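Chains here go by letter, A, B, C and D, matching the order in which they are written, and residues are numbered from 1 within each.
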């Protein structure tokens, strides 16, 4: 992200340098981008932060599982059963490699980031949090990384504390010592804000957390699809992310946990596969990852997640970051010219490809709905970050977020859709 | 299930009456059934109780979502967002109709039966179970309907009690009064045993449970795909089932809960969409179903579950039950002729399409592995029912289970694969 | 007199039919929304907030004495298109007796307007949240007037 | 002397190669399994149970004094094909010194036998569970012999 050459604020699509990434070739991989909307409008999809579209390799992969070797996992010796096990272990190994984990068995399949964080908050939290302990959070976190901690804190007599943000929407690490106490047991932080786009310095936060004896959970939902992650180098203890945001299927997510922590924790869901022995009197648990994978996995989805990882790594994070940064900078430059428009969050060098904004005298819901009429799909609302919006002083924002398939021309469409909405809402020229 | 004409024990495929169900037409809907195995062996899939195969309408539906209108759910006003919401509500309505619920908002999407039961055990159990309270279970339950109750009982000081089975593997309701006490708050029971095939009289159990002031949870994982269910007529309070066993995608399941119970319970997972307001001090919850649907749903899978329900209802439970009963009876008749083979569980009139067996001096794992060499896919092991196997006095069984696509000829293949395995294991002729 | 006060629901349905296209209908909703009578800020309380809407909606009613009494509704949102939908709802319900209000099948009206095709299920939940509140107020008014 | 006692691992690999086909290899595993020396029932204790196997596997070792000492392994499962795999493992490890045992790369051997293509990952976990136990016992034996 750093070391980027300073950008010409007036850069135009024609002169736009797409870096090493051939965006037209990438777009051809995504069937949905080629379906015209009613009235022949082209689709301008700018909501990848909510959920990304899927390349055909991922779509085909799920189909291939169902058509060629589907069976339940970890249960049968027959050929399809063995094949499914194999493929699932293949995804586990790909995730391990993607995040730099020590072993594949530290990779747990879940239904998504929300489930992964709830798993840790419950199965680690209820086991290890005591009255008076503290959890360090901050106001930019997604509800998925706030509510589970508030609830487990309430159950255990622990307290949530919130590291403040700087005026431009970054974590204010200069105030760390005021908020991190000897009773802080857990620091849970997002890799990238889903509203401000802010990229947090995880390596440094992990170091601070560990120096004080706390455990670090990284909410990687937004950061994983857009930049490299290395849990070992960064010393991340838990990492949660969702398949559907990294161009994989809906219905599957991941929890990474350091082996010793996974072994020490309680299980979360009880059921099949997570047990060692069950009797009518009680039960003992399997080793991780099985211990946390009760019940039938999202089989076809977990296998196709491996394909999504291959797809992303085939492009390479260097090219992805460069491309998305260029889009972001171009969007910042162009949106800044729009009257009454305010971008929330830091300047592009501290951000990933997310631009959240408000326009004076225009309600975000009206803006999003009117932009939809121009085929520009953006999200509005609190984006599951009510405390952040409280902090921003607005009840809702409009968010445009970029993925590997977006183009500078789509930034132009974004701008003209905003102008269209402003005009429909009779805002001054 | 009752009122079936008595079957000729010597019925042969040629003379087999397929009832109203055109099995060859149904088989054409399942692409996987037409892939030959290595050496050109046809696939004989007899593990639908673990997970069923998918008709192409279901496979195509997931693809259609990804290719035509994919977006995150309940979040965007833009066209795809609205379409996804619509489709999800469409599935909710289909589930409502399938199970006879009062309103679609009593239908909650989960990742599967295991998740659904854990949700109730935790979110209902922790709220309402007190020291000394009792949960009535029985030894035929799947681990998914045992372990969560044992764990919440441990947390709340409640106790699990187990209604005994009759010698042939049915619930012994004559002993109900010994096990159901004034402190029994929950009766959790499977609609159909995943090992014995036993179909339990849910209507009667619900009546007994309610007469004593307890709540009834039905584990419908096995029963839902094979016979009609009506939560209102039967007075079922909670119902859990999985999409993947009813010919739907992996990664999605359902929890039905009576509205007043859902409203009174705590939420389970915390995160996006399940909240009303979140502040740094604490949070309030949304109404059901949102209250229990934290985080991104298995979007494409939940939509395609609706297609699976259409598929099953298009065939009709009358035809399905009749077909599967005929297969079951034929299998019972033919397997009974095999030397040393013992079928565990009651006679066919009390069962769904599941035959679990052991063969004297043959280990189930060897049997399953050898049968695999003949292209016959059956499961072996404890099938996530260790206490039941304890009760049966065997550590493992071989299970053949039938779905709508199985044929009498496949029963013959099952028999000859068993004979092949017996011969390889040098068992006496 | 604003657009919505001078119109009845049949005229509105006719207007929507004439417009035909969702884009034009949506523009028209914006016009209706812009002209919606404003609620004073002090009325925008938690008590008057309607549940189930994505944007904030507040709704108050006034009972015009008479026998039977008639109800008037004023509601506001911060979003203009939602205000347009509120105008539709008040055109449908304002100035009617409790009995009349309870007899209306709003689903049928929204269907004739073609709205359900263009509103997300969330939006429709919001609309029905408003309808529910209105029916509740009508029930109350009916009970009060018979109690007297 | 049973099949597995009269054979070394290179001969076994040759045999598997000659058989070629998984069906025949599997039949051969059954033969090996049937001839596997039996563990007495009293040795089938929780302490000797190997984790990670689907069926029960018990494994005991015997240290043949000498310098360096050599280890013999006897293991049994209730399933015959697993017993065949146990025979493969004992052919590979029995009668060796701790040093030799620790130097073996079992993955490579199983690959040469073509086993990983035909065993589910669960089965392979079971195999590696056995290997792990054997390496643990070899480490123990090595420590004991230097301690003396």
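Assume a residue touches a chain if its C-beta (ideal position, glycine included) is under 8 Å from a C-beta of that chain, and two chains touch if they have at least 3 such contacts.
Remember, predicted model here, so these are calculated numbers, not experimental data.
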(message) What's the farthest chain from chain A if centres are computed as the mean of the Cα atoms?
(response) D
(request) Consider the two chain pairs B-D and A-D; indicate the one with the greater count of contacting C-beta pairs. (result) B-D
(request) Take the average of all CA coordinates in chain C, do the same for chain D, and state the distance between these two points in whole angstrom. (result) 78
(message) Between chain A and chain B, what distance separates the C-alpha centroids? Give it in angstrom.
(response) 33
(message) Taking the mean of the CA coordinates per chain, how far is chain A from chain D in Å?
(response) 45
(message) Counting only Cα atoms for the centres, state how far chain B is from chain D in Å.
(response) 39
(request) Give me the residues of chain A that touch two or more other chains. (result) 76-77, 81, 365, 369, 381
(message) Multi-chain contacts only, two chains or more: what residues does chain D have there?
(response) 54
(message) With touch defined as at the start, can you tell me which chain A residues reach chain C in the complex?
(response) 363, 365-366, 369-370, 373, 381, 395-396, 424-426
(request) Name, in rising order, each residue of chain D that touches chain B in their complex. (result) 23, 26-27, 30, 34, 54-56, 78-82
(request) Quick one: which bits of chain A touch chain D in the complex? Just the residue numbers, please. (result) 74, 76-77, 81-82, 85-86, 89, 287
(request) Note which residues of chain B are touching chain A in the complex, please. (result) 31-32, 35, 37-38, 47, 50-51, 53-54, 58-59, 62-63, 66-72, 75-81, 111-115, 117-118, 121, 139, 142-144, 146-148, 150-151, 154, 160, 162, 242, 244, 249-252, 269-275, 277-280, 282-283, 294-301, 365, 368-369, 371-372, 377-381, 384, 386-387, 390
(request) State the interface residues of chain D toward chain A in the complex, per the touch definition above. (result) 51, 54, 119-123
